[in-house]
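Here chain A shows up in two complexes: once beside chain B, once beside chain C.
Showing the complex of A and B:
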């Protein structure tokens, strides 16, 4: 029983990070109707941003969160203005090719700049913390990652659903032409969606380096999980993606305990099941 | 219409044809040289398919540097190095032809192994291939080299199945997982003689070609050595957490845990041991994960007391003058320590040079025959091996493995006894006190 509790806790903590990663992806899809295949690599770039802050200025990853968030927001805006906007009206194939190209480019640039040698933050503030409650152990890095991810996910959800700008974002996502007639600048909203996705990946990346190694492929697993979470939660649904991210984490933790070699298989299996039974996802509508 | 040819003139023509034929024959012979060597060969190209991007890129870079250092020493010499051909400046029996390393990036993906070999052979015209790194990649790459009939030597990939496929053109200089695992079982037997419980083994391994093959070998040897596998825990190489898997291991209360991981998952393993505050009595690591310098640095104290099997040991190397000279040169050039991977690839290129020298040719058949007949004593290598001599399956019979334990932040040889720097600290937690 204690083992199961430990696995559930671990899974939930990991799932919180999946949730934050997935929210950025679903936001871009919901507003621009475009899938960003380089989303996981934005997280990887954020990890390197946190690493640079630590190695050059000695900043702890927790202190580097705002810097990574702003850096990734700027990167996302640049990406949007430079290569996404020109293909917004194009076919989905063209859009997919562009984001695949971006994925390769980001990995290549990072490998060129930092080499493929894995990096790691040494002695983060939360590194020595280990809490045991009822036999269930949690590290400081896990606590901080999960708490930070939940706060950031909540803030993003609040912004999208409770502010006027957030409602404008949703309006553009539902009907860009109609929103334009209401005086909403859809181009700006597209850029904002990318910037918010940048912020979410920036926060996620800075949180993750407390616990994970940093290398040019470090974002790949989180990118895959984000995609599964977005499909599972319903494309475009912020709450759905967050919920699905948490669920995926828990599934990985529990499956790791009983069928250790099939964690990714289980995640993909659930995804396929949802596609068959409820193709619109957990929170999507037909 | 036709001029009649007199017998004398006909004889002259026959003579002329014979003379031209003779000249052609001489020309053909001279291309093999008076001593039988190809006289027009000035360069020997060695293709190295390696993961130069992707998660195993640091290991690939390390291996490539080992190959480049060997080629440079063969071409330009290294004063004081007493290894065959080390100061001959090229291949003496082949016009002092120089070696050139041509690399190809496999990204560590099995599906890229064959295309990398295709590129190296058809576009780069390499004469022989020395690679790859991951057993799954080596498998597809070696099969393609077999189709193209190009000699292929691996030194890092340790899956026993590779040399059991009946490939004619495939050779392996390094130890197999069987040799590696035997070193662990030998160590366990030593512990048992001291009445230390060492019979219960847990397996924690990646569920890819390398991991499952290593686990299969461990299970088979456990059976023949009267050991008990108390936990069999595979995991996905793309996993983001190994805590649940380590809980499984802990629940089985093993005396030792065999871990098979590449660097990213080796890091997750260390994270999980720290989270669960669980250090098994002994951790014995297979695989490149525990060899990568980046991982070792980042794991820090989390590695203390854990053991690994290696085909090269810095500890042992410092006692061998040639190995020490090569290790110092490597450190000077690349600002990194000579590792098991770079040392194995270095040794393979040096052995390959001797095969080419013996073959006096870059003809694939001649090189293959020379490799088959190769017999290099251990003292002529930088490895703690008995030597390099291939058996019927083209597996080096002289390859050996030693076991090292992380103690006080450095790796110390703890097995076998004849080369051990000290006894293993058991349980591993004792090393952390």
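Showing the complex of A and C:
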């Protein structure tokens, strides 16, 4: 029972980060109708941004959060302007493979710059904290990353659903031509969606380096989990993606306790099961 | 792609002209492929040839589903892996590798249909994500299956050298090269015959507009299933050959996501929906990869990743129909 509680807790804390990652991905999909296969690698780049801040300037990952967020927003805008905008009117195949090219390219560049050697932040501020509640232990890194992820996810959801610009973003996602007639600059909204995705991956990456190792493939598993969360939650649904991210974390935690070799299998299995029963996802409308 | 309402004029549709350009292209490519191991005698370069031909077969399979029918799969390593594991198991039971190819391809085709039944209800991105997830799921299960060697994998038993055993001297790869070339020729002709008639037109109609295709009476679901069966079978044959060349299979070498994406992206770089695409893409990508990995220092090993990535982005942005189409456009410009 104690173990189960611990596993549930670990899973929920990891799930919060999955949720943040998934929200960025679903935003881009909802607005531009494009899947960014390099999404997990944005997180990886953010982890390295945090690592550079730490190793060059001695900045703690917590301090590096805004720097990583801004860096990744710039990267995302650059990616949008350079390679995404040219394929927006192109075939589905072009739209699908262009971010696969980006993924391959980013991994190559990062590995070239930092080699494949795994890196680790030593002694982050939150590293020494350990809280035990009713026999369930939670580390400071877990607390901070979950809290940060929830705040960032909430802020993004608030922005998309409650602000004028956020509603414009949604309008472009629903009907770009109609939105243009209402005076919304759809190109700018696409850029904004990518920038927001950059911010979310930047925050996620900086939070993760408190307790995760950094290597050129570090983003792969987070990328996959955010894909599954987005597909599970319903493509384009911010709330659905966040919920599905949390759920995936918990499932991984619990399954890891009983069948340690099958955590990924279980997460994928749930997704495929939902797919068969409800192809539009938990909260999707399509 | 561009739709015009006016009926084609006589000038646009020449009456039964012999496609000399295509024949010349086939002759040139065939001559180059046949001459390669005679001109290039180092084992390293011949290995590039063997691997390029193997990947070309796998991508030809992918191309039927992804390039012609427009169902973009990122899980084709499952079928490649079926070929690798299946052939290893049967060869261990004393089969000739050649005899394993067709039965294992039929098994892979059955897997393809099994995967297609639920996933073909999904369209576009949704389908692609599902194939990605299925591919990863298989890879996550494989290390737990004892009779497939779990994480250690399986080795092909040591066989006497000879054609029947698909085992040759390793000093010189000429024999491997020509058997791979033969297999590539057979699979390409098979794919061409498959796509030549009504099936090919139906698949392209499904790719271009599945709702319209269904409205004019194309049985969309059934034809997608035909496509995935053929596609999976051909990719599995590539896996069968590959395992005889490397004599070893484990989860990461057979079902990796990067293998799935390589199979897909090789076809895309060369030319999705073109018979020429896979061989052009495979040769380019494999040569690029092997050259940079062998001749550049440890840090240089990632240059192939950067170049491959840049190449994919370039193709997607400049011409999603691939390098073949760029060459064709250049050829037409020169002729004019």
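The rule we apply is simple: the second predicted complex is superposed on the first by the 286 of 286 C-alpha atoms of A that agree within 3 Å, B and C clash if a C-alpha of one lies under 4 Å from a C-alpha of the other, contacts with A are read in each partner's own complex, and residues count from 1 in each chain.
As a working rule, contacts are C-beta pairs under 8 Å (C-beta built on N, C-alpha and C of every residue); 3 or more make two chains touch, one makes a residue touch a chain.
As the structure is a computational prediction, the values presented were derived from the model and not from experiment.
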### Task
Mind checking the superposed model to see whether chain B and chain C fit together on chain A or clash?
clash
### Message
Under the stated touch criterion, which partner chain does A:264 make contact with: chain B (first), chain C (second), both, or neither?
### Response
both
### Query
Now for A:157: first (chain B), second (chain C), both, or neither, which partner does it touch?
neither
### Which of chain B and chain C A:225 touches, first, second, both or neither
first
### Touched partner set for A:93, first chain B, second chain C, both or neither
second
### Task
Check the residue A:129 against both partner chains and state whether it touches chain B (first), chain C (second), both, or neither.
neither
### Query
Between chain B (first) and chain C (second), which does A:276 come into contact with in this model arrangement: first, second, both, or neither?
second
### Query
In the superposed arrangement, does A:107 touch chain B (first), chain C (second), both or neither?
both
### Query
If you stack the two complexes on chain A, which partner ends up touching A:59: first (chain B), second (chain C), both, or neither?
neither
#### Entry: Location of chain C clashes with chain B - one stretch out of 41-49, 59-67 or 311-319
41-49
### Task
Name the residues of chain A shared by its contacts with chain B and its contacts with chain C.
107-108, 111, 115, 220, 224, 261-262, 264-265
### Task
Using the touch rule from the top, collect the residues of chain A that touch chain C in their complex.
29, 35, 83, 86-87, 90-98, 100-109, 111-112, 115, 220, 224, 227-228, 231, 235, 261-262, 264-265, 268-269, 271-272, 275-276, 279
### Task
Would you pull the chain A residues touching chain B in the complex into a rising list?
3, 6-7, 10-11, 14, 107-108, 111, 115-120, 122, 130, 137-139, 142, 211-213, 215-218, 220-222, 224-225, 252-257, 260-265
### Query
Okay, in this complex, where on chain C does chain A touch?
66, 70, 72, 118-119, 121-122, 124-126, 128-130, 132-134, 136-137, 140-141, 143-144, 257, 261, 264-265, 268, 272, 298-299, 302-317, 320
### Query
Inside the complex, what are the residues of chain B that reach chain A?
52-55, 57-58, 61, 207, 233-236, 238-245, 247-248, 251, 263-264, 267, 271, 274-277, 292, 294-295, 297-298, 300
